[in-house]
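Note that subunit A is present in both complexes that follow, paired respectively with subunit B and with subunit C.
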Partner chain A sequence: MKPGNILTLVILLGLVALLVLVPQLVGSRVVERIATALAVSLVLVVGLQTFTGNSGILSFAHIGFMGIGAYASAVLTIPVQMRGMALPDLYGVLAGIQVTPTVGIVLGGAVAALVAAAVAYPLMRLSDAPAVITSFALLVVIYTVLQHWSAVTNGPRTLFGLPKATTLPLTAAIAAVVIVVALAFKESRTGLLLRASRDDERAAAALGAGIPALRWRAFILSALIAGIGGALWGHFVTSFSPKAFYLKETFVILGMLVIGGMNTVTGAVIGTFLIALLFEGLRALETALNASGAFADQVVGVTEIVLALAMMAVMFLRPGGLFAATEIGPLILRRFTRRAPP
Partner chain B sequence: MSRFSQMLLAGAALACLAAVPARAEIVIGAPLNLTGIQAPMDEPGFRGAQVAIKELNDAGGLLGEPVKLVTIDGKSDPVTVGNAAVELIDDGAQLMLAPCDFDFGSPASREAQAADLVGLSTCASDPLYSSWSLGDKQFTLSMWNTTMGATAADFALEKGWKKAYVVTDQFIAYTKSLPKYFIEQFKAGGGEILLEDTYNNGDNDFSAQLARLQALPEKPDVIFLSSYGTDIGTIIRALREVGYDAPVLGGDAYDDPALHQGLGEKFGNDVYFVTHTWAGPDAGPEMQHFLKLYQEMYGQEPDTSFVATGYDAVMLLAEAVKAAGSTDGAAVAQALEEGEFKLLTGELDYATADEGHMPNKAAAVIALNGGKTSFVGWRRPDSVPAP
Partner chain C sequence: MSDGRLCARDVRVEFSGLRALDGVTLELARGEIVGLIGPNGSGKTTLVNAITRQVPLAGGEVSVDGASLSGLRPHEVARRGIARSFQIVRLFDHLTVAENVEAAALAQGLGRRAAQGRVAALLAEFGLARQAETLAAALSYGDKRRVEIARALAAEPSFLILDEPAAGMNEGESEVLLSLLSRLPAERKLGLLIIDHDMPLIMRLCHRLHVLASGRTIAEGDVKSVRRNPAVIEAYLGSSAEARHA
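The block that comes next holds the complex of A and B.
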């Protein structure tokens, strides 16, 4: 492994470690909740990066797989005695099965990956705009199925009763593993070939890269991580309905990735931290303004407006995101070596 | 790297700033959604709640202490609502005003329950909002959809309408569950369903359903139409244009002045709906009192009747606190279970925690004729279908 990659790994995992340590030092329940939500977002954004970053194709379907993971884990982990109320029409075979949340989270990822493997192969032949639109169409299909498959998802109604299992250490540990996997995948043979196809599709194909198969593998990996992230989210909020896995969440996750820089794992991690902390910082500011009574009326919307302007500014100044092409490790090493006299 | 640690520090510092030391006052925490898709439901409630707070404080507060409503925007995001609820509880909230709708209100109620506080949703009407799913100190101010559907069915039978045609919009849980409860109650009362049909919100085309309706051997006495938004108007117009002048019956989605104006004199006839309150000129003295206070505070008439839910929610909590003599969660919950309350949104009597805190609540029936609404009366069904 190159020293640059090791440094990248150390820095990114250090950030995840900070995420666990800071709430412990502050000792506030809110900070811990914020950190947990941030760690879940990390899993989702880095998961999206494994496909979108390496293949260059924006995938809107990611949140759909997050939903599949959340529902799969929910169906398997809601306590059997609560199922009669939460999912009265659940099929007999499934009704008796109950696993622990940790197993449920893993199975949630597995189900999402299986669905991705089954439906995605034909879509992987498409590039550019057609690929983006088909991924969006796939999101619509998944959303509609979640909303109408009443026996398993409780239809458009809220599904509740998931055991609360998403703790900060568990989520941070999974996020750390996902970061390692994403970096390893990027440097793997598949990742390298895929990145070659991203930068020049024709040249890569001419050199023998089987592009659909490469993209397919990345898509399955990405869906696996999305499913795990969705299940973690589900066990964090403990009740949700299909509308949680649609456009709003899609744009939050895409925003984090694009701001950070979708071609690098560093970008995915930094983008997530930046947007999440900016959101929480502004929210705290809004709360402080209201608590201080400086304004006669309740202050609302500051968070949304400032966040949106900040995103515009980043895109304007750095169109490729904060880390457009190079991971943070090599970036630091390069600057270090440049400064040293020859 | 340094920028990010700065961010982290800034965030932490701001979070600390937000913490306000507790004083001798009763704090109601309200993680309502003032921005995002839920704002049209929660923001009017927030305005009504402030009217109630002012009235309470002008009358000397509660248990001799001033009442304070602290709101942190939940941003129509379940995780943020939960975060805001935790912040409010950690800053000393003794009572929790939870947002509308189970998805957005339950995170707040769940945190309130975990801290042994009473939580009250301003207008969640899904029967899921119960002590069964949320805990023994959680309530919703709204009647459940079971009551809404049952009241509509009872009203139809009371009018002597025995044969119904039912349209279910597949849009959301609300539009899907309401007809279910209507049909159950209507059949139990001796009514007959001629045809059940479906519609998809946004189709703006009712011709296929009309063809099926016209193929029936007999005409229905009443049309129960569960849809949402402008589609209600579209469907009523389509029915009337082909000569179906049977009364149309619906739920609180019809309680929208824009819909009444849109139907106008020509189509806005013989329409009845079950909703939460009546704020017209002939409303009772309590409503007139509230409207006067609202006018004083905001300088204009309320634009929606949802403002009454926020006022009622605060007043209900205040009455329970008075009866309990403290803000202790268990005592207030017991007071809510035992009391009988007369509110702007109807008389209310909660079932026990074992019975889900089902709100046994009166519903307002409103008629639309000549494009103008008029109050038919309060109705309280003797029995309601199981959720």
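The block that comes next holds the complex of A and C.
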């Protein structure tokens, strides 16, 4: 492995380690919850980067696969005694099966990956705007199915009863693995050819790269990670409805990725940290403003508007995001060697 | 495979009813250098795109060693041993020079280690070793052109098609390119098809010429006879050019 890549890995995994250590030092449950949510976001955003970053195609469907993972794990882990209440119409075969949350999280990822493998291949032949629009259409389809497949999802109503299993160390460990996988995938044969096709599709095809197949592999990997992230999130909040897997959440994770820089894993990680912490700060500000009674009405929506403005600002100033082309490791090494005398 | 041939037979291409190529037949054998020339808009690049199947054929056939390329997609054509460069440089801008060249070897199905070996050899040969870790976007124009040729060669093609490789190069750079290209067919046992407007370069480099005008072949043959062909002089070279090269 090149020294630059090792440095990248050390820095990014160091950030994840900090995420586990800081709440322990502070000793606050609230901080721990924030850190856990941030770690879940890391899994989702880095998972999205494996497809979008390498292929150059913005995928709106990612949150849909998160939802599939969350529901798949829910169906398999809600205690059998509670199933009658939570999912009264669940099919007989499934109603009797109960697995531990850890197995549920793995299976959640697997189900999302299988669905992606089954539906996505034809979409992978599309590029540019048509590809983005169809990924959006796929999100709509997944959302609509989640909302109406009452037997499995409890319809648009809240599904409750998931065992609480998502801890900060577990989530951070999975986030760390996902970061390693994303960096390895980027440097892999498929990753390199996919990045070539991202930069110039015609030239890559002229060299012999079969682009739809390359994209398909990345899409399945990305859905697998999204499914795991969704299941983790499900066992964190323990109750949710399909609304949790739609536009607002899509905008947040896309915002994190695009602001950080979608071409790099560093961008995905840094973007997630920045936006998540910015959100917490703004939420605290909103609460403080409302508590102080400085305004006649309640202050709402500051977080969303600031994210939208931040996205616009970054797109104007740095269209590729904060880390547009190079991971943080090689970036630091390059600066270091440039300063050294020749 | 030394008698391998790339054949484009009676190729026709239409763009929404407009005939861009009207029955062009061109052959390229391994080991030879053929120049494809003609005025702007005569259909040179279209012929290359038709051979690599980046535009659909309205008629005719392209084959390699007698096997038809009909129905193949561009990446499948590439795996039959045809590599090309583009009129406008098309490098992978966010990839390093080494990664650009490696991508070509990997796309042909080569393993990681073998690909990296091939990359190192090509970068050394093309004097690009020091820029191996530079992002392609940061290169000078001349270097970009060289990376593009190195990248095409990393696929170890049987047939290499270069679309204006000397465009934008100064005289010194052209000269280096000329000596490099002239060695390729013998060293790598490949057939080289070159489009360029740099007539002195084409005349010195090519064994045969193929001249297009308005989507049709107006002349083909060895350099001398084409240069004297009245139709060519009329359509392309012009009498002053003929005087200069005579």
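The rule is simple: the second predicted complex is superposed on the first by the 314 of 342 C-alpha atoms of A that agree within 3 Å, B and C clash if a C-alpha of one lies under 4 Å from a C-alpha of the other, contacts with A are read in each partner's own complex, and residues count from 1 in each chain.
We take it that contacts are C-beta pairs under 8 Å (C-beta built on N, C-alpha and C of every residue); 3 or more make two chains touch, one makes a residue touch a chain.
Just so it is clear, the model here is predicted, and its values are computed rather than measured.
A.B. asks: Can A:37 be said to touch subunit B (first), subunit C (second), both, or neither?
C.D. replies: first
A.B. asks: Tell me which partner A:90 touches in the superposition: subunit B (first), subunit C (second), both or neither.
C.D. replies: Neither: A:90 stays clear of subunit B and subunit C.
A.B. asks: A:211 in the overlay: touching subunit B, subunit C, both, or neither? Say first, second, both or neither.
C.D. replies: In the superposition, A:211 touches subunit C alone.
A.B. asks: For A:123, select first, second, both or neither according to whether it touches subunit B, subunit C, the two together, or no partner.
C.D. replies: A:123: touches no partner chain.
A.B. asks: Return the chain, subunit B or subunit C, that is in touch with more residues of subunit A.
C.D. replies: Of subunit B and subunit C, the partner in contact with more residues of subunit A is B.
A.B. asks: Scan A:325 for contacts with subunit B and subunit C and give back first, second, both or neither.
C.D. replies: After superposing on A, A:325 lies in contact with subunit C but is clear of subunit B.
A.B. asks: Tell me the contact category for A:68 with respect to subunit B and subunit C: first, second, both or neither.
C.D. replies: neither
A.B. asks: Scan A:199 for contacts with subunit B and subunit C and give back first, second, both or neither.
C.D. replies: Second partner only, subunit C.
A.B. asks: Quick check for you: in the superposed arrangement, does A:189 touch first (subunit B), second (subunit C), both or neither?
C.D. replies: Only subunit C is touched by A:189; subunit B is not.
A.B. asks: Regarding the shared-chain residue A:281, is it in contact with subunit B (first), subunit C (second), both, or neither?
C.D. replies: first
A.B. asks: Where on subunit A do the contacts from subunit B and from subunit C line up?
C.D. replies: Looking at subunit A, the two contact sets are disjoint.
A.B. asks: Residues of subunit B touching subunit A in their complex?
C.D. replies: 1, 4-5, 7-8, 10-12, 14-15, 17-18, 20, 34-35, 46, 70-73, 75, 78-80, 82-83, 86-87, 90, 102-103, 106-107, 110, 126, 128, 132-133, 170-173, 176-177
A.B. asks: Quick one: which bits of subunit A touch subunit C in the complex? Just the residue numbers, please.
C.D. replies: It is residues 189, 192-193, 195-196, 198-200, 202-211, 263, 325-326, 330 of subunit A that touch subunit C.
A.B. asks: Okay, in this complex, where on subunit C does subunit A touch?
C.D. replies: The contact residues of subunit C facing subunit A are 52, 54, 73-76, 78-79, 83-84, 86, 90-95, 99-100, 102-104, 106-109, 112, 133, 135, 137, 151-152, 155.
A.B. asks: Sort out for me which residues of subunit A touch subunit B in the complex.
C.D. replies: So the residues of subunit A in touch with subunit B come to 11, 15, 18, 22, 26, 28-31, 33-34, 37, 85, 148, 155-158, 160-161, 236-241, 243-244, 270, 273-274, 277-278, 280-281, 283-288, 290-291, 298, 300-301, 303-304, 328.
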